[in-house]
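Heads up, the next two complexes both have chain A, just with different partners, chain B and then chain C.
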Partner chain A sequence: MSEQATPPPAVTPPPDEHQRVEAAAEETAKRESSFARMMNSSVGRNLGLVIALVVLIIIGVATAGDRFASVDNMLTILRLASVIGVVSIGMTFVIIGGGIDLSVGAIVALASVWATTLATQTMAENSTWLVMVLVALAVGTGCGVVNGTLIAYGRLAPFIATLAMLAAARGLAEIISDRKTQIVDVREFVEFFGGSFLGIPRLVWIFALVSAIGWVLLNRTTFGRRTISVGGNAVAARLAGINVKRHTLYLYMLVGFACGIAAIMIIARTTTGSSTHGLLYELDAIAAVVIGGTLLTGGRGTIVGTVFGVLIFTTLTNVFTLNNLDTSSQAVAKGVIIVLAVLLQQRVAGRNGST
Partner chain B sequence: MSAPTNRPLRRLLKTIGAMVAVGVLVVGCTSNEPEAEENAGATGDSNAAPAGGNDEPGETVTIGFSGPAADHGWLAAINSSAQETAESYEDIDFRAAEGTNDASLQISQIETFINEGVDAIVLLPTDGAALTDVAIQAMQAGIPVVNVDREFSSPFAARSTILGDNYGMGVSAGTYACQLIEDNSIADPVIAEIAGLDSLPLTQDRSRGFADALSDCDQEVDNRVAAEFTVESGEAEASNLLQAAPQIDIIWNHDDDQGVGVKAAFDNAGRDEFFFIGGTGSCNAMQWIEDGEMEATVLYPPTQAADGIKLARLIAQGKSISDLTQVEVPRRTVLYAPVVTADNLDEFVDQCFES
Partner chain C sequence: MTEPLLQMHAIVKQFPGVRALDGVDLDVVPAEVHCLLGQNGAGKSTLIKVLAGVHQPDEGSITWQGEEVRLANPIAAMRLGIATIYQELDLVDGLTVTENIYLGHEMSTLGLTRRGDAQHAAEALLVRLGHPEISPRREVGQLSAAGKQIVSMARALSHDVKLIVMDEPSAVLDQNEVHRLFRVIRDLTEQGVAVVYISHRLEEIREIGDRVTVLKDGRTVATGLPAKETPTAEVIRLMTGRSIEYVFPPRRAEIAADGAVLEVRNLTRPGEFHDIGFDVRPGEVYGLVGLVGSGRSEILETVYGARKAATGTVSIRGKRLRAGSVGAAVSAGIGMAPEERKSQALLLNESIINNLTVASLAKFSRGSFVQRGDELTAATEQVEALDIRPHDPTREVRTLSGGNQQKVVLGRWLIKGCTLLLLDEPTRGVDVGARSEIYALVRQLADDGVAVLLVSSEVPEVLGLADRVLVLREGRAVYEGPAEDIDEHQVLDLVMEGSAA
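And now, the complex of A and B:
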C-alpha cells in the first residue's frame, strides 16, 4: 500500500523518455516476421517504384536501344536528376516531420542569384570560388531559418509560411538580378562542379552523397527518429521530451540547406544564376517524395523511395525525348505514372499489412 | 524626366536644330550624316521627342499600358522600351499597370483604365483570348486599344494590332538552314529544334514556319524538344536532345533566353559539330555570333510595345503615320524577322536585349 503511494505520479515524463519510446519502437520492429521485415526493408517497401522504373528502362531499351543504354545517356539522366533530387531529399525530411515546404524552388532561385551577383563573383575571383558555395548555402539555410521560425515559434501553418516565402524569395531574386540572367565567369567554380570524378559527373556524386547522408540521418540517428515521431504525433513527441519547436526549425533549416546545395549545382549546370531557376520545383519535389511512399501527413517515409521517385520522372522525360515525342503526351504520362506508382505502392504495402 | 523649367531651353534647342537642318538642306548636302546627328541628339540625353511630323508635340493624351510580368529578358526589354518611349514624349501621360501573368488581374487592370477614362490602351495580353472581352469593352467605351504581340481572338477588340512575326521567324530560320545545307552540301542532314513553351500559339507558329521553310528544300525536323523559355529548362532539354541524336547538323533554338542553358548543355557535352541558330536576338547571342560560337540568330524585336505606344499616341491624337499616305493608322503591323549573322551583326547589335 505504502509502496504504491510513495512514488508521486509523474506529471512530466523523465527526460530520457523519448529514448525509451524509440527503443520500444525498435523492439517491435525486431519482433516482426522475416517476411514482413523483408517487405519493410527499403527494397520491399519500394517494390512498386522498382517495378515502375524497370518498366520504364525496358521501354527505353526497346524503343531507343543503344542510345538509351549508353553510359553517356545514363549519366545524363543522373545529372538531370541530381538537382531536383537533392531538393527532394530535403523535402522528404520536412514532409516526414509533418510539414511541407512550398518555397524550395524560390529558395533555389534566390540562392543561385545571390551566389552569382557581380559582388560575390568578384569576391570569389579575388579569393576562392568557395565563397560562392558558402553564399548559396548561407542564403538557403537563412531562408530555412525564417521558414522554420515562422512555423515553429510564430505558429504559422507550414503551407502559409512557405507560400509567403515562395513569393518573397523569388521576388527578391528578381530584384537582386534585375530579372537578368547572371552568367558565371568564375571558371574554377564551373569547372569543379561541372567536372567529373572517376568518370562520373561531380553533380551525380553530390546527389549520391546527399542521399547517403540523408538515409543515415533518417534511419540511424536520433535526429531521424525524432523527425518520424514529430511527424507522426507532435503532441506525443513533446510529451516524450522532444523539443518539437526546435526540431521543426532544424527541419526547415535542413531543407533550406539542401536548396543551397541545389542552387550550387544548378549554377554549375547552367553556368548562370537566374530568378527563373527552380520553377515548379516544389511540385516536382513533392511528387517525387509522395510517389516515393512518404505520407503527406507525416510520420512515415523513406529516402530510397524519394530517390526512385526522382529517377522515374527524369528517366521518363529522357525516354520521351529519345523517341521524339512531344511534351503534352509526356505530361499525360507523368500523371498516369504518379497514379500507377502510388496504387502499386498501396497494393504492396496493403498486402504486407503494415499500413 | 521633363521638368517644366527645361522646356523653353529644349524648344530653343529644337528650333536651332531645325534651322540647322534646313540650312543643311539649303546647302544641298545629300549625306546622311546631319540627319543621323540630329536624331542622336534628339533621342539622347535630353530625352526629347525627335522633331518631325508624327513626333511634333500634340494634345496631351493619357495612355494605359499593361503587359505580362517581366520574368525573362525579352519581356523585360518590352516593358523598359515601352517606358522609355512613353517618357520621351512630353504629350503622353503614361500609366503603366504592374506586369502580371494572371489574366484575371490583367482584366481588372484594363477595367480600371476604362473607369479612369484613359485616351488609349496598349495591351500585351498574358493570353490573347482571355483578354479579348475586356478589350471589346474598352473599344465600346470609345477607348482605342492597341494590341501588342499576342493577338486577341476577335477583330473588334483592337483598333490596331502590332505583332512580331512568329511564323516568319520560323520561316527565316528554316530558310537559313536550307541555305546552310546547300552552301556546305550536307548530305542527309540531321535537323533539331528546341522550341519554347509548347502550349503557346507563338511556339506553334514558329515551329510551323520552320517546318514549312524546311519542306521547301525537302528537309524536315528530325528531333524536336520543347523547353520553357528558362535557362534551366533549356539546359535540361538540350542535354536530353544531344543524347537522342548522336550527330546533329543544324539546331534551331527558338529563344535566346533559354539559349544560355542550351549553350551550357552543348559545352557540358563537348558537342559543337552542328550549326547553332538562335532566336529573338539577345545580347548574349550576338556576343556568341561575334565569337564564332553561334551561327546566327533570328530577330524578334523587343521594341513592339514601344511602337504600340507610338501608335496609340497617334490614334488618340487623331494623327496618321506621317510617312504613309493613309489618313488613319493601319489596322495591322507585322514586324520583319531578319537573320543576324556575323556578316550583318553591326546593324542589329544595338537592338539586342540583355537576357
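And now, the complex of A and C:
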C-alpha cells in the first residue's frame, strides 16, 4: 500500500454546523416572509387583479359615464362573463392539475348542437325541457371522458389529445347540424334560463353557483387537494398512493361537464344551437385562468383569480364597445394585459425561489 | 511534478437547506487523467458544474495556470479552455455532426456559414479523435451513444481546450466502446490535454486513471491517490465509510422470531436482481447493502409496486400483493421515503400540513370534505413530535433544510399509520448534524412496531441502524444475518467477492 492511501484523518464537522444550516434555512424563509407571504395570501395574490378591475371601471366611468355605470350595463357585463366564466372554472382545474384543454370551445359547440337537434327538441317537447339539459351535460362529459382517457391511459400529451378533440368535436357539430343554426322551440327552456331571479339573470346565478362550487371543490375537498398534488408533483402524488391516472381522467371529465353547462347557457342566451358557438373559447379561458394567477405548469392556482380574470376581460370588452372602438384594438389590449399579468406573476414566483 | 493546470481550494457551495460542497480541494496537472470518485450525492455533479461555470462557489478559490480566476458563466470557463461533457449529452439531434461541433461559434463570413471549411475542420477533428468513420454530414440523431460522445469531444476540441471534464462517459457505452473511448482519452493526454474522469466503475479507473480524488458528503476525503496502486478496498472504504462518527440508537433486545410483516419470495427482475427472498418482522429494521447496480433500490421499488416483478411474490401479513401496483401497496400499509426526496416525495410549493396529509386525505375528510381543523391538529402534533424546524406547519416545504424535509416525509407515513416503511437513502442530502435525529426517529418507529426496510449506500449506516442485513452483489443475495455479526470490511469483501483480500 502506498503512502497516499493511508486513510485521511476523520473530518469532524464544527459542532455548530447543524444550527448554522438551520439558521440559514430559517433566514431564507424569513427573507420572503413579509412581502411574498402577503402576496401569497388570497387577498394579496388577487390584489393586482382587484386594482386592474378598478382601473378599468374608472376608465369606463370616465369615458362612457352613465352608459357604463348603470345597473343594466353591469348586468350585461355579468351576463357576457357567465358563459366563458363557467368554462374558465373548469379550465382552472385542468391547468392546476398540470394539463390543458384546447377543445373547450368545440365541446361547447357540439353540446349546443346535440341538445338542439330536432330529435332532442321533440323529446323535450313531449316530456320536459330537462332532456336538453341532460343531453348537453352528457355530451360535454362524454368528450371529457375521451380526452381524459387518451391523456391518462393512452399517454397522449394533453395538448395533442385536446387539439384533436378541438378539430373533431367541431367537425361533428357541423355534420350533425349540417352547418345550419338550430332554433330552439322549447319555450320552457328559453323562459327558464332566459329569466331572472331576484332581478339578476339566471345565467349570472349559474356562473356564481359554479364559481362557489368550484372554490369549495378546490379548497375544501380531497379532490381539490389531489388536483394540486397531481399538478405540483405527479411522481410524489403517485408514490403517496394517489391514483394519478384516474384523477387526470376526472379532471377532463370535470372540464367537459363545465362545457356542457356553458352550452346550455349559450343556447339560452342566443336561443340557438350552432357549430359556430364557443369559437376561440379555449384562448379566452386560458387567458382568464393565467391572468388569474394560475401557473400554467400546474400545482398552483385560484378560483377567485380566474373569476377576476374573466371579469377583467369582459369589462374591457364592454368599455371598448361603449366607446365604439373596434374588436381589433380590443384584441391588442387583451394581448398587452396577458403579458403584463404573466410578467407580474413571474416576478412574484421568482421572489419565491427558483426550485 | 509539473506546474498544476487547475487548483480548486476549499470550495464551498450552499443551496437552500443543504451544503452541497463543503470544502473541496482538487488539483489537476496537464496531460493527466484525474479520476473523481464518490457516491451519488457526494458532490461530484456540483463540483463539475462549478468548474464549468454553471454554479458560482460561495467560498474557496480556483486557480488556473497559476492565476486566480472567477468562472462567472459557462462561456468564461470555455474561454479558459475548460470543456465539460455531461452525462445527458447536450447535442441537437436534428443538426449534422459539423453543425453540432461548431454550434455557437460557426465558421462564417458576413453571416453566411462556410460549410465547406467547417466540414473539413470537423473531419480533421474526428480523425484526431480516431473516429474517421463518422461522417461530418450525418445527422447526430442517427448516431449511437458512443458516436454522440465523440461529437461532444470534437466540439470541445474545436475550442482551444486544455481540460476536458467527462461525467460518467462510460455509463451509456458497451465494453468495446469503452475501450475505444479510452484510446481517445490516451491520445488526448498525449497531446497535453488533461481529463477529469468521473465514474462509478473502479476497474475503469485502474485502467485509465493516473490519480484519484475521492469526495464524500461534499468534502474531499482523499486526493492525489495513485489510481493503479491504491487497493480497491481502500477506495471503497473512502467512498462508503463514515467521515464522521454517528451515534446510532440502541437496538431492541429481542424481536419476535415469527409473524413477519413482509415476506418476499423468489423475487426476480431480469438484469436487476435475481431470486431474492427475505422476511421483515414487526419492530425490526432490515437493511439491504450493496454497491451501485447491486439491485438494492430496485428491490425496494418492486416491493412498493413502482416496478413490476417478473416472477416472485411480495406479501404483507400473509396476503399477497398485486404486482406493480403502488395503490395496492399503500392500502396494504406500506409507506415509502424515496431516494429523490424533492422530485419523488415532496410538494415543494405546498405547506408542511399538505405534505404531511397527502397520503392520508381520506382520514382527514368527511364525505370528501377536508376537515382542516383535524388536519392542522395532526400536523402540529407531528411537527412538534418530530421537531420539524421551524415549528410552523403552514411553512412551505421548499424553505426547509434537507433533514427537516426528510422528517416531513417520515411524518407523512406516521400520520398514515403504516405497518412497513421503506427507506431509500434516508440521509441523502441531510446535513451531518441532522442525521442522528433521523436515525433515532427510524429506531423509534421500529420500537413502535413498524417494520422498516432500509437501503443505503453507506455501509456503516446500514450496519449501525439495521437489526439484520442482506448483502447483495450484482442482484444476488450473498449473505443474510444479524448486523452485529458482520463488520464493514467483511461486507466490502462480500460485495466485491473475488477481489477480497
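Observations on the model:
Operating definition for what follows: the second predicted complex is superposed on the first by the 303 of 355 C-alpha atoms of A that agree within 3 Å, B and C clash if a C-alpha of one lies under 4 Å from a C-alpha of the other, contacts with A are read in each partner's own complex, and residues count from 1 in each chain.
By our rule, a residue touches a chain if its C-beta (ideal position, glycine included) is under 8 Å from a C-beta of that chain, and two chains touch if they have at least 3 such contacts.
This structure is a prediction, so every number in the text was calculated from the model and none was measured.
Once chain A of one complex is fitted onto chain A of the other, the partner contacts of A:Thr327 are limited to chain B, with no touch recorded for chain C. In the superposed pair of complexes, A:Thr120 makes contact with neither chain B nor chain C.
With both structures placed on the common chain, the touch criterion links A:Ser177 to neither chain B nor chain C. In the overlay built on the shared chain, the residue A:Arg225 is in contact with chain C alone; chain B does not reach it. More chain A residues lie in contact with C than with the other chain of the pair chain B and chain C.
Once chain A of one complex is fitted onto chain A of the other, the partner contacts of A:Thr271 are limited to chain B, with no touch recorded for chain C.
Once chain A of one complex is fitted onto chain A of the other, the partner contacts of A:Gly194 are limited to chain B, with no touch recorded for chain C. In the superposed model, A:Thr294 lies in contact with neither chain B nor chain C. Using the contact criterion defined above for the overlaid structures, shared-chain residue A:Ala240 touches chain C, although it does not reach chain B. Within chain A, not a single residue is touched by chain B in the first complex and by chain C in the second.
Across the interface of their complex, chain A is touched by residues 70-73, 76, 198-199, 222-226, 228-237, 239-244, 246, 257, 260-261, 264, 267-268, 284, 354-355 of chain B. On chain C, the positions that touch chain A within their shared complex are 14, 16-19, 219, 221-222, 224-226, 229-231, 234, 237-238, 242-245, 304, 306, 326-327, 329-331, 336, 338, 342-350, 354, 357-359, 361-362, 365, 368-370, 372, 389-390, 395, 398-401, 404, 412, 431-434. The touching residues of chain A, counted against chain B in their complex, run 64, 67, 70, 72-73, 76, 79-80, 174, 179-181, 183, 194, 266, 269-272, 274-279, 317-318, 321-324, 326-328.
The part of chain A that touches chain C in the complex is made up of residues 1-2, 4-5, 7-8, 10-13, 17-19, 21-22, 24-26, 28-29, 32, 220-226, 228-229, 232-233, 235-243, 299-300, 352-353, 355.
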